[in-house]
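Structures incoming, each one as C-alpha cells.
Presented sequentially are two complexes of subunit A, the first with subunit B as partner and the second with subunit C.
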Partner chain A sequence: MNKHNSHSYHGIPGWIYAVASIGGLLVILPLAAMVAKVNWAQFIPLVTSESARTALGLSLRTATASTLLCIVLGVPLALVLARGAFRGQRLLRALVLLPLVLPPVVGGIALLYTFGRQGLLGKSLELAGIQIAFSTTAVVLAQTFVALPFLVVSLEGALRSAGHRYEAVAATLGARPTTVLRRVTLPLVLPGLASGAVLSFARSLGEFGATLTFAGSLEGVTRTLPLEIYLQRETDADAAVALSLVLVAVAMAVVGLSYGRRRSRQGAAL
Partner chain B sequence: MIPHLKRNLVALLVAGGLASALTGCGAPAGISSSAGSSSSTGSSSSTGTSSSTGSQLDGPITVFAAASLKAPFTHLAHEFEAKNPGTKVTLSFAGSSDLATQIIQGAPADVFASADTKNMSKLVDAKLLDGAPRNFASNVLEIAVPPGNPASISSFADLAKPGVKVVVCAPQVPCGSAAAAVEKSTGTTLKPVSEESSVTDVLGKVISGEADGGLVYVTDVEANGGKVQGIPFPEASKAVNTYPIAAVGNSKNKALAAAFIALVTGETGQKVLSDAGFGAP
Partner chain C sequence: MSFTFKAALSARKFDMSVSLADAETVAVLGPNGAGKSTLLGMIAGLLRPDSGTAVLGERRLFDLDGGTHPWRPPHLRGTALLAQDSLLFPHLDALDNVAFGPRSTGASRKAAREAARHWLAEVDASAFADRKPSQLSGGQAQRVAVARALAAEPELLLLDEPMAALDIHAAPMLRRVLKRVLRGRKAIIVTHDVLDAYMLADRVIVVENGRIVEEGPTRRILERPRSPFAAGLAGLNLVSGTITGEGITTPDGQVFAGQHDPAWLPQPGQAGVAAFPPSSISVFLGDVHGSPRNSFAVTITELEPHGDQIRVRADTGQHTLSADITPAASADLGLVPGMEVRFVVKAALVSVYPA
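Right after this comes the complex of A and B.
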C-alpha cells in the first residue's frame, strides 16, 4: 500500500532498536537453546521411529483437513463480517475471534460439552450412530476451532483493503452476486486467503491443548506430533527435543512460504 | 488508516499464533504450571509449642511433591508450620518427572517426594540428594467410572469387554506402566480409546462421561469423591507404586528438610497419608 512513504523516513530512535533486539532475542534464543540441545548422533533414528512417523503423518493429515474445513467455513464468515450489514455483526466478529485469545484447553472443554457423549449435540449424534470423541474427527474439529479465526482475520482484512469498486462495476455490468464473488472478489483477495490458509495450517499443526482435552491421545488415531512430544518428554528428553525441532522446521517452512508469497504479491501489485 | 490498523492486528495475531504453533506445547506449559503452581501455606497459628527437638528450626523450605500428594502434603505443611513457629513451607506440586527435571536443572527444592522410584533414581544418579531416599507411602490402581456406572463395570476383566470405552495412562508415565503391569500379570489385554499423559487427563475423560472407565490411583478416586465412583480390583496388587522422599543436596536449610521428612515418615504423616487413601510403604 503506502510502503514507499514509510521507506523515505528512517527516524527510529536508537533505543527502539535496543528494545526490539531484546524482543527478538526472547523469541530466537529459546529456539537456539533447543537446537543446541539436539542429540545429533541420534537425531535421525529418533525422528524416524515408527511412533514419530505415525504422529507426523497424522499431524499433516489432520492439519490439511482442518485447513480445508477452515476455508469452507471461514470464507463465508469473512465475507459476512466484511461485507454484510446486520445487527450483532461486531458481536459475531468478537465471538468468532475468541479462540485466538482462549487457552486451547478451554476450547477443548467447550468442544467436549458440545460434541462429547453427554454434550449438547453429542447425544443426538450418538443416537445417529456417530461417535466423535476419541476419533480423528475430534482432532480435526479441535484444530478447526482454534485455527478458523486466523483465516477469518486474514481474509476479512484483505476484503476490507480491497474495497468494493470492482465489484460495483461488475454488478452494474449485469453480473449476479455469485458471479461477482467468483470472478471478482475471490481473485482479488486470493493472496489474503492463501496466507490465512497457511496460518490456519500452521496453527492446526501446533494444536495441543484442545486435542488433549477433547480427542484424547492414541497412536495413529488422535496422537498428533505435539501430543507425541509431550508424551516422549516423560521418558526420553532427546526424542522430545528432536521431534520439537521437526515441528519447528515444518512451522517455519509453512510460515516462510506464506510470508515470501505475500511479499512477492505485494511487490507485484505496487 | 483502518486497513493499516487491520494489518497491524493481523501481524500481532500472526505473531501470537506462530509462537504457540512453534512451541507446540503452549498449553502443556499452562497445564503443568497450574498443577505445579507454588502454594504457600503461610506461617501463622502460633498455638503450637516449639518442636521437641529444641534446635532452632526456622526459615523457609520448598517441598517439591508429586501431584497426587497435594491434599495430604498441604495438610502436613500446615501442621509443620504450626509445630515449628517461624518456619514457612512452600509446596510445589507437579508430575514427578517434571519435578525431577526441574531439580536437575537447578530448581531450588529442599525436599523431593516422588510418586515412583524411577524419577527419584534420576536424582540419585545425578548425585543431587542428601542421604538415601526413604519410602513413605504406596498407591495402587483402581477403576474409576462415571457416577451410575453406565457400562456396569465390576471387575478388571470387564474393562476388556467389547464396546466398553476405557481410558488409561500411556506406558511412558507411572500410572500407565502400572496399568501395563496389571494387564501382563492377568493376561487381560485392554483396548483403550485413549492413552493419556497424566492421571488428571484420565480422570477428566471419566468425569465428563466420555469414557466408561479409566485406570487411576485409589487416592485420585478418593480426592474426587462424588464425581467418580471407584471400583477396587484384587489384581491391582500386582503393581504397587512406592513413593520415596529425600532431601535435596544443595538445600540451604538441611535441618528443616530433615524435620519435614521426619514428619512425613512419622506417625502424623502416616496417619494423614492413610486418610487420603495411601497404603503403607
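Right after this comes the complex of A and C.
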C-alpha cells in the first residue's frame, strides 16, 4: 500500500497546507533556534562532563526501568479496560488516564503523600525500613506514574481494533486463557505494545516536574538529565543548550529506531 | 446419544434442543439471524445461555439448571470451532497454526509439529506448511483451518458456514476435503447451501427464529420439506393447510388437490402440506377448460432468469408460488409483473403429506 499515491484524489483544501506548515514550524523553529545557539567548540567537553554523564546515565537507567514497569503493569490494565466487563470500568479508565492531563508537579505531590515519610503507605514502609521518597526508586515511580497512560492508551486501542475472535478460536482449540494471552493476544498486538513502550520511554526520559517534587535533585541519585539541564541553565547556558541537544538526539534515536523497525516489518509483510 | 444439548436464551429468543449420535454429522439450515451461530457459540462455550444442560460424551459442558458443573470453559470442552473466516493466527506459519491445538494441550513442540504435518497432509495442504496466512488464498487458508481444528482432536467439530467466504472455485475442493474428514466424526455444520447438507450431513435441522422447525434425514427434509425455508432450499412450492379427501385446504379456503402415499391414511382435519416443483405449473391467460383441478388466479410479482427457464413468481393473495416456463412461452404470453394470469398444476404432480 502506498500512502503517497500522487495519482489519486486526496481532497485536502490548499489552505490546509498553509495552516499545517505553521503548525509544523511551531515545533521545528524552536528546535532550530536551540541548535543555532549550540556552542560547538565547547560541545564535546560540555556533554562529557562528570555531572552530564552521570545525569544521562541515570536518565537512561531510570527511563528503562520505568518503561519495563509500565509494560508489566500497563498490559494487564489495558487488557482489563479493553476486554473486561465490570462495574466502574469507565471510571477506572478515566482515573488511569488522569496523569495525561494532570500537571506533573501535582503528580509529584500526590506521590509524596503516598510514599513520603508521612505518606499513606510511606509510614508503614518506613517502619519496614524502606524509604522511597528522594531515592532513585522515587524517580522510577514518578516516571511510571506519568508514562503509564501512554502505554495503556495505545495498547487498549490495539486490543480493541484486533477484536477477540482469534482468542475465541484459540480457546476452542484447547488453549487455556494464559496460553491464549501469551501465544495469540500479545503477538497480535505487539506493534501497539511497542509503540506504547516507545512513547512511555520518551515520556519517562523527559519527566521533570513529578521527579523534582517527589525525588528531589540529588546528583547521581535523582538528578536526571532534564533536572541537570534546568540546573545548568541558571549557571552555564551553553551547557544547558548542549545537554538539551543530547536529550533531543536520544529521543529522536528511540522514536526513529522503533518507527524504522516497524516500517521495515510492514514492508516485509507485503 | 453421545451429545445432548438443551438451552434457552431469552435475549435472543433462543430455545433449542439438539442431540447427536456417534459419528453423526448434522447440518443446521435456516435464514440469517435464526440462531444457528448462537447454537454453535453455546456449544463451544463462547456464549452462555440462561438455562439448559449439555453433555458431550463423558464431559458435562454446562448445567445451568442447578447442577454441580454449571459451566465448563471453552478450552476444556473438546469442541473445535471452524468459522466462515479461517482466522489463522497471522503471526504463525501454517504448520505452527495447525500445531497450536496439540501444543496448547501439552504436546511437545516436536510431537505437535508431527501431528500438524499429518493433518496438513490430510487436507492436501502439506505444500503450504511454511507459508504465513497472508500468503495463502481463501481456499488454502480454510483447508489449513480445517487441519488446525482436527489437530486439536475435538470430540465434536463445529463448522460455522465454512464455505461461505470462498469463491466458487475453492468451495468444491474444501467440500471434498470435509466429506473425507467428517466421515466417522461427530460434527455440526451450519450452512446456507443445500449441497453441503446433501454431501456432508446425515441429518438436517431447520431453524427459524431461534427454534427448530423441522428435523430429519437429509433426503427426507429436502424431498418432503415441511417448513417454508426447507422448501425454498429444495426449490419447491409449499402450502400448508388441513388434509381433505382430495388434497389440502388452506386456512383461507383454497383447495390444492394432490396425491399422497397410498399407505398413509390421514385423519380428517389433520394438518398437512402440499409440495410441487415450479416446473409442474403451467401459465395461462384467461379461463382454462379441461381436466386440471388446480387452477388459481394470480398476479405476477417478479420475472427472473433461472437456468435456461424463466421463473415467474406470483401471488395468489395468500401464497407466493413460483413457476418455471420457457423464455419462448414467456414471450408468447407477454408476461410482465403486475399481470393477472392463471397458474394450473396437475394434481398428479402435487405431493401431499403430513405437516
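Just so it is clear, the second predicted complex is superposed on the first by the 251 of 270 C-alpha atoms of A that agree within 3 Å, B and C clash if a C-alpha of one lies under 4 Å from a C-alpha of the other, contacts with A are read in each partner's own complex, and residues count from 1 in each chain.
One rule holds for everything that comes next: a residue touches a chain if its C-beta (ideal position, glycine included) is under 8 Å from a C-beta of that chain, and two chains touch if they have at least 3 such contacts.
In this text, all values refer to a predicted model and were calculated from it rather than measured experimentally.
Superposition model on subunit A: subunit B and subunit C are shown accommodated side by side without a clash.
After superposition on chain A, the vertex angle at the CA centre of subunit A, spanning the CA centres of subunit B and subunit C, is 150 degrees to the nearest 10.
Looking at the shared chain after the overlay, A:247 reaches subunit B, while subunit C stays out of its contact range.
Using the contact criterion defined above for the overlaid structures, shared-chain residue A:28 touches neither subunit B nor subunit C, since it reaches no partner. In the superposed model, A:19 makes contact with neither subunit B nor subunit C. Of the two partner chains, subunit B is the only one that A:199 touches; subunit C does not reach it. Shared-chain residue A:184: touches subunit C; no touch with subunit B.
The overlay of the two complexes leaves subunit B and subunit C separated by a minimum Cα distance of 19 Å. Those residues of subunit B that touch subunit A in the complex are listed here as 2-4, 6-7, 9-10, 13-14, 16-28, 30-31, 95, 97, 101, 165, 167, 170, 172-173, 192-197, 201, 204-205, 208-210. Across the complex, subunit A is touched by residues 44-46, 73-81, 83, 85, 87, 89-91, 100-101, 104-105, 134, 148-149, 152, 154, 158 of subunit C. Note for the complex: subunit A touches subunit B at residues 1, 27, 31, 100, 103-105, 112-113, 116-118, 133-134, 149-150, 153-154, 156-157, 160-161, 199, 202-203, 205-206, 208-210, 212-213, 215-219, 222-223, 225-227, 229-235, 237, 244, 247-248, 251-252, 255. Residue ranges on subunit A touching subunit C, taken from their complex, read 165-166, 168-177, 179-180, 183-184, 187-188, 190, 269.
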